[in-house]
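Some structures are shown below for you to check.
First chain A sits with chain B, and in the next complex the same chain sits with chain C.
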Partner chain A sequence: MKLLKLEFLKLKKKSRSWLGPILVFWLIMIAYPLTVELLPEKLEVGFFSVLWIATLISMMLAAEDIFLEDFNDGSLEQTMIKTTSFASLISIKVFIYWLLIGIPISLLSFIFSFGTTTNFVLSLMIFPLSIISSYIFLNLFVLGNALSLNKGSVLGALVTIPLALPVLIVLGKSIVAIQFNINYSGFIFLLLGCLSIIIVAVPLVVSYIIKAHLE
Partner chain B sequence: MIKKFIHQFASPKTYLFQVNKFYNYIFYISISIYVLSITWGLLFVPEDFVQGNSFRIIYLHVPASFLSQSLYAAMAIASVTYLIWRVKLAAYLIIAIAPIGAMVTFIALSSGSIWGIPTWGTWWQWDARITSTLILFIMYLGLISLHGSFSNYEKADKLLSWLVIVGFVNIPIIKKSVDWWSTLHQSASITLTNKPSIDPSMLYPLIGSTIGFFGLIICLVIISSKVQIIKRESTKSWIKDYV
Partner chain C sequence: MNNQTIIEANNLSFKINGNKLFHNLSFSLNDGEALHISGENGSGKSTLIRIILGITKQTKGNLENHFSKDIAYLGHKNAIKDYLTLEDNLLLMGLQDHKGLKKFLEILNLNKYRDVVVANLSFGQQKKLALLRIFLNNSDLIVLDEPFVGLDTETQKILSQFLNNELDKNKSIIYTSHIPCEIESKILEIR
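Presenting the complex of A and B:
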């Protein structure tokens, strides 16, 4: 609990880190209608694709400096030596980032889709889908940033975006399933299954990767 | 016991001298099988009832697709071996396989595209199998760029191994994509459990070309791994004698 509070306060102080990705998401979603003719049916065609890509980009930005500052000032190394479970510290860090960035983005996704589609169930289902996908993306980009810790976030994004693409495929399929009301809960459970594996595996792998960097 | 066995038989020096003994045999047998199978497939196998002569590209496309996934699986095994037993040779093999894997995946994608024009009427389709194979291709490129961005080889090897293991998740997705999603790409004609749905006259040259292609790729992996060993062990006295 103490660690949770500490990580929360640390991130809260760095307003660029948590506000930046939210604003980028917002701007992408505002920019989208400007690129198409303002006919509601035309707007809805590509809306969800833009929504998921905006979520992906925002999460990529969110994870950009998750370890960098701690790595540069040596506190990451100290924590690794002191803490018995380094992986749990990483999962706390990721959780806080998701809480401050992923949740607001999910709320914004719901609001934007509510304003775009006439299908209420669809805009309602966007919220849980966005919550799950943002957590998955964040974990993946954290993994990427751990790999390219002091080599810039581009390399990290390059190696992890391919892993996020199957999630995008499932998200696209789930939107179609909701639109046609065909057993869309299966897709949500599939994403939840992926998330439950990722939540456990990624912090563990990331802790080993950071150890490799510090050795 | 396992550790002792691995360390004894997987030292770069032993590997380098051992593969030299077998390389010529593997190369000549593989090239003979491949040339024979390709000739058989291209000239003597009857035309396909629906696809005509365009189906003959399977003698390149199928082996390349099979190898693109198999090479990644080999990299994943090497990664586990490196991370658990710290076998240097495994690390050399991972980075030796990666560019070959990328090349083979590119062959699979491009031959699939060429085949797509007469059969599907399009050279590209965003379907699950093709997209997941494209993801595999990007993964290979990502692995190469990750390894290349670190000057400390040991660190690069460790990070690469972790990424290979995480990225392995894409392999079952590629394999099962045709079953999990309704795709334009056909499902597997040859499985371990069922009788092949392909006619024997087309099947035998296909098996031959796959074996031949597999052997040729092994030869490429051997050459690439030898380059890696020479590069990485250049300070050792035995490598100077070898070179």
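Presenting the complex of A and C:
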């Protein structure tokens, strides 16, 4: 709980780190209608694709400097010599980033979805998809950033994006299911299943990667 | 006092990219002793400290540690957040409620900067803040990598005096320093 509070304090004070990805998401969603005809049926055609890609990009930006600062200022070394579990620190860090970036983006997804489709039920169904997918994307990009910790975040993103493609496919299929009124809960459970594996595996793998970087 | 060996190293060697940094180093450290690791720039002093701490692994040799995992360590990097205030940094270090905090903030002349963002403090003041981690420690082992760099003469004296007091309390110290200091220590020369 103490670690959670401290990580929250650190991220809260770094407004650039949490506000930046949210603003990028907001800008993409605002810019989208400007690039297509403003007829509701035309807007809906590509809306969800843009929504998931905007979520992906925002989470990529969110994970950009998640460990770099702690690596550069020696905080990770201090953690490594303490009794605190490295993997739990990473889980907490990712959770806080998701709380301050992923949740607002999911709320914005709901708002933009409702604004575009004027379908409240559909927009409500988008919300859990957005919440789960943002957490999955964040974990994946955290893995990529750990791999390329001192080599720049672009390399990490390139490594990670292929891993995010199956999630994008599932998200696309979920939207089709919702639009054709087919039960979409199977897709939610599939994403939750992926998340439950990722949420355990990523911190463990990342802790080993960071230890290797510190060595 | 019953002095126990807390570190015993036999024939430690370290290679990086095929270059030998140090070769067959052997030393030991008991409770209440200080070990001054000396050597030229690039001789591997910091690497040896990282090996002792378990951050880096030696290429060859055996190192036995008998200390608890709770170590007071200050390396080249201060591990402070420059976008936070001094007070917030104390919170991150877990020192905000320490009973000795007020005394050391006054000794180090940092009390008036508690609400100042650390980026606005000088390098020396930032170093003093990082040193609070050492001054307010409860660890049996203190590990310092060039702790005197960036400190004024007065603070260097305070730190030396503090470390001597810790030795009297049977704590152990490992440090590197190019700045002469008055700490009664064993010397380990790395060539």
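To be clear about the criterion, the second predicted complex is superposed on the first by the 211 of 215 C-alpha atoms of A that agree within 3 Å, B and C clash if a C-alpha of one lies under 4 Å from a C-alpha of the other, contacts with A are read in each partner's own complex, and residues count from 1 in each chain.
Please note the rule applied: a contact is a pair of C-beta atoms (placed from the backbone, for glycine too) under 8 Å apart; a residue touches a chain by one contact, two chains touch by 3 or more.
Quantities reported herein were computed from a predicted structural model and do not represent experimental measurements.
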Joint occupancy of chain A by chain B and chain C, clash or fit: fit
Between the C-alpha centres of chain B and chain C, what angle is found at the C-alpha centre of chain A, to the nearest 10 degrees? 90
Go through the superposed model and pick first if A:166 touches only chain B, second if only chain C, both, or neither. first
Check whether A:143 is in contact with chain B, with chain C, with both or with neither, and answer first, second, both or neither. first
Touch check for A:75: first (chain B), second (chain C), both, or neither? second
Determine, under the contact definition given at the top, whether A:19 touches first (chain B), second (chain C), both, or neither. neither
I'd like to know which partner A:208 touches here: chain B for first, chain C for second, both or neither. first
Tell me which partner A:192 touches in the superposition: chain B (first), chain C (second), both or neither. neither
Applying the document's definition of touch, where does A:182 land relative to chain B and chain C: first, second, both, or neither? neither
Looking at the overlay, does A:151 come into contact with chain B only (first), chain C only (second), both, or neither? first
Just the number, please: smallest Cα separation between chain B and chain C in the overlaid arrangement, in Å. 7
Residues on chain A touched by both chain B and chain C 215
Sites on chain B touched by chain A in the complex: 128, 131-132, 135-136, 138-139, 142-143, 145-146, 149-150, 155, 158-159, 162-163, 165-167, 169-170, 173, 181
Residue ranges of chain A touching chain B (in the complex, touch as defined): 143, 147-148, 151, 155, 158-159, 161-163, 165-166, 169, 173, 201, 205, 208-209, 212-213, 215
Quick one: which bits of chain C touch chain A in the complex? Just the residue numbers, please. 53-57, 69-71, 73, 75-84, 88, 91-92, 94
Which stretch or stretches of chain A touch chain C in the complex? 2, 6, 9-10, 13-14, 69, 72-75, 77-78, 80-83, 214-215
